[in-house]
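To keep things simple, chains are lettered A, B and C as they appear, and every chain counts its residues starting from 1.
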Amino acid sequence: MRVSERDMLASRPLDKYTPEETIAELVDAVGRSPERRDLLVQMLPERISLYEGRSANATIRMRGYILAAFEQTGLPEAALPYVFEELENGRDAYLVAGAAKALRGLDTPTSRVVPFLFKAVENIRYVDDALTFERYKPRWPITNYTTALTEIFRTFGWLGAQAKSALPDLEALREERRDEFSRPIRAEIEYAIDRIRSDGRVAHACCSALPANPGLAVHSLQKEHCKGASISDIELEDQGGNTLTYETFFSRKPSIVVFFYTRCDNPNKCSLTVTKLAKLQKAIGEEQLEGLLRTAAITYDPEYDLPPRLKAYGENRGVTFSDDNRMFRARTEFRGLQEHFQLGVNFTGSTVNRHRIELFVLDSRGEIAVTFTRLQWDIQEVLNQAKALLSHGQGVG
Amino acid sequence: MRTEITIDGADSAGANYIAWAPVHSSIRLVDADGGADSVDVLLRNQNPSNGGQIVFRDAIPGAEQDTLRLRLPADGTPVDFFIAGKFRHPSVADKDAVIEVVEANTEDVLSTNALMVRIRKNANELTEDERDRFLSAFAILNGGGNGRFSAFRAMHREKTQDEAHNFPGFLAWHRAYLLDLERELQQIDPSVALPYWRFDQPAPNLFTGEFIGVADNSGTVRFDPGHPLEFWATDGLEGITRTPDFVTSGPNAEAATFTFEGNRRLVMNEARTLRLGRPEYLYARFVRMEGDPHGAAHGSFVAGFITAIDTAAKDPLFFLLHANVDRLWAKWQWVRQRFDTTNPATYEFLSNAGDPGSARVGHNLNDTMWPWNQVTGGDRPVTAPGGTLAASPTANAPGPMPTVGDMIDYQGVINSGNRLGFDYDDVRFEA
Amino acid sequence: MDISEDRKQFAEQLERAAEEQREGYRVFSDKSKPVHERLMGLKRAAALTDEDEVTEAVDIIRDREDDADLRATTLLYIAIEVSQNRDLIDLAIGLLRDSTEPAVVRLAALRVLQTSSFRAATFNPKRPEYLAALRTVIDEPNASLRQQALEILAQAKDEYAQRRLLEGLEDSSKALVPPEKAVQLLGYDVHAEHYPILRDMVQNPPSPEAKREAVRLLASDPTSKDLLADILKDKDERREVRNASASALQSLAPIEFEEQAKQIVLDDNEYDDLRATAMNALTLFADQEALSQDTELTRRVERLKDASPSRAVTRTADRFLRKQRKQRNRTIDPQSE
């Protein structure tokens, strides 16, 4: 049943039962009423009911369509982390294309986005696809399709003078790496270069609209202890089959904990996260902090990721295991962890359909002190945050 | 009185595995009887009509002989010699190739050494025991999806394809990949060698429920109950899908073929493949075999994991397919004598990435190869699964981080130190 | 045979093959010959790789007046060249997409494109066009074309292919492939939303094969553990389905499965197939030290090895016992193999 646009824009709950077509209609309606674009932002967090029970592809469809709509509505700052996340780490052409289009909704072009666009080129050029945002869930054949690379290079062109710093690399793509691109994409690169060169505006270093590190959030260390009894008692099972409570592991020393699952098929996410965790462990050793800090990786998929799977996954990525360095599944009450950490994840049945990159630095009470979400975290930066907890007296409790 | 033979490359249990390429050895007398300054001995095969056979040389270069007479000093000074597997006489079981040393005049047996002439063979011609040992080791490596095999699967994905495909190092990369896998299988069972699927010939003994499996009507591969690969899993998914486009078993079994609407096209045969690169037989033209027969062999299935780069390594058959691709390169190398890495006919990109005229990084002669070099980021993939290349007691080469060039003189024809420790049943060693 | 003789014989063999190929090409390129002879000529030529050969081949492929079988087969015989040449990839994509071309030509185009995809750096820039063409082909009346295109898309976890497959499962009038094939194709993506359909298919199977396939795919769904365990225990269930449930349960619940596997081995009223599978699992996955303490199990396996009429049982029993012996030797002498 088609609803009126006014009804659609009125505050109405969207949940797992809302048909995708209705969601698409809402997005289209917001496109025609851009002042309501915050509605779109509210539809982006992975954990909301909207994505519950949907397949991974359905989730991609919805999110890609939402992101693409920002080109029309304008891109609010609150949506930027989602856009950057897709450009930096995304491997699905529809989402990456949507993110590239979203950037063209910025009030002011900024050179800050250039590295993200280049990263997206590298991520997507092996797995680009024909797609369209002209309508939702299109039927094929479609003759006027676009591609993720097309949208990325159009955004370069849109940036104009703000992308002057990109010219050497764009020219390298056009010259030394021309064989890696089809003729239409080479034409887009050429057009982007022309637009950048011919834009008479002054390139400025302004990036005031953008936070310095959109993925980093530092929590107040003075925050009241809000860890409920429920999280303390959550039973964890490690890669060796040993069980202990959350409290037992995540207290008395600061910890660095990441979330992942073994069936993740985006190598920029879980596989890289756990590989970097292994490198972080090495860095802890090199800085003689062993015994003062703990590391942990907790699976989103506790029913499937049994201890032998955790162990194999970690070992294959260089993780070393010890009393202070483990991989876990929550034997029961994963929901408790999900709530406590406000995890950016959702599921179809028990299978993950979407998640973000997330790392938490916990103090010696197991409280969240710092979060790194969506974007790739820097190993040294994470270690510095953990060391700061040690020097602030948040060390061994 | 007895003799003691030391053969280079013994494993931790003292077991020796050799192929066609010569291996340095030495022999000495122990507890010699008093009197004579030296003793003449004969080295020979204990069972000349069964099992693997050894040939002997007293020097390299030198003619190979079925028996070797040596004079051994009574004081126990070792005497050098060389052994190799006798071409076309590989072992069929572990340690079935026995060197017997006898006193030349009396025929008294002074010592025996049991080795294996371990050779990569045509999968269609394996004995049941050879087949089952291979499959058992492979199943353990897979570990029901939780084993080390998942690293090998992760190395061959759509997103890592530039490391291994479409650039000149295609053959070298896959040679290293197969060697790494084979060595890990040998850590489980040292008697295992990777067999090859000779895709330009029918292979009815390969496509059976006892070996690589038979597809049912929906394209899911079925194994006989109790088959080691019964619990094969990759990426959280049980089983294998594979639908051949040709008759695989029975008296009408065919070579790999495309079939479409009554028309048929065989994958390029060996003779045609070995003529690639003519008239100068340059590697730069030979490597086009990546399209055909390599790509064509993948494409001779209408459905299943093996039909796409991203999923091909989920099917064990993939490794047998690539073993044949590697064998074709090895044979071309022998026919055209392409082992010298200073010769552009052997390999066209003789320098390093970044040099003028060089190929993509990872594809120049002196470039180390991902993932074994553990380089990530930038032009390389974000992770490097599996670690460095597995070591082997039988050969020091190619080292944990091989270069493209390290994979070329695989038999040690130019320099014995380059020997990688494997050979194919129908590609001989020629010094 | 000495090396020089070996080399001489091999060179002669290659020269004979070369002459055969040259003769084959002559027959193929002789336009006065009937099509079936020219096709035989192509087969003898084994591939077309020289510049002149490829030029002639491309002319034939482009000529819509020429025999469809000849055009199609010729396209496959220049597979090497297509995999290296983007213009030829464009030609092949154009043929695939063109519904006025004969099905045999379009099938050949699809096959040569899929083999070319292994030459990734050449092929990748064409991937969007290729996928777009495949999506149009899944509605083709020719079943081979439709199914092969769908298979390629499903393996790539294509969103459109998944959507169409689900549509077909919900409304059989829209089905592109039979239901057991549809779930297999959906099963390439463990993140698809097909698990409720699979569970339903287990309870209400459209065919025995469908049920077995559904059970296999449920190995990715932890919430189906109990269902799989019940199937395994059900002696009235078909053997193939119980075997599939054994594999699936081993993946999802290895400890629980191990207990069931032991019971199956000990049960003389069980199918031989299942006992072989159970022993296989215990050999591969069970803690061998703990297993070696189970003397009743070991004795039963020894009896099976000696007395079972089933080859599958005796062979898996043999492997089981050999592994147990290795384990015992290791216990006695940790340095032993």
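Criterion: a contact is a pair of C-beta atoms (placed from the backbone, for glycine too) under 8 Å apart; a residue touches a chain by one contact, two chains touch by 3 or more.
Note that the structure is predicted; figures quoted are calculated from it, not measured.
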item	value
Of all other chains, the one whose Cα centre sits farthest from subunit B	A
Chain pair with more C-beta contacts, B-C versus A-C	B-C
Between subunit A and subunit B, centroid-to-centroid distance (C-alpha), Å	43
Where subunit A and subunit C are represented by their mean Cα positions, the distance between them in whole Å	34
Whole-Å gap separating subunit B and subunit C, where each centre is the average of the chain's CA atoms	24
Per-residue multi-chain contacts in subunit A, two or more chains	126-127, 263, 265, 304, 308
In subunit C, residues with contacts to at least two other chains	120-121, 124, 190, 220, 254
Residue list for subunit B, restricted to those that touch at least two other chains	143, 145, 158, 161-162, 235-236
Residues of subunit B defined as touching subunit A within the complex	143, 145-148, 150-151, 154, 157-159, 161-162, 235-236, 376, 381-383, 385-387
Contact footprint of subunit C on subunit A as seen in their complex	53-58, 60-61, 93-94, 125-130, 137, 140-142, 145, 147, 179-182, 185, 263, 265, 303-304, 306, 308, 348-353
Subunit B-touching residues of subunit A, taken from the complex the two chains share	91, 126-127, 262-263, 265, 267-268, 271-272, 275, 304, 308-309, 311-313, 316-318
Residues of subunit C touching subunit A in the complex	86, 120-121, 124-129, 131-132, 135-136, 157, 159-160, 162-163, 189-193, 195-196, 220-223, 252, 254
Contact footprint of subunit C on subunit B as seen in their complex	13, 132, 136, 139-140, 143-145, 158, 161-162, 165-167, 216-220, 224-228, 230-231, 233, 235-239, 241, 258, 260-266, 268-269, 271-272, 274-276, 288-292, 294-296, 298-299, 302-305, 307-311, 335, 428, 430
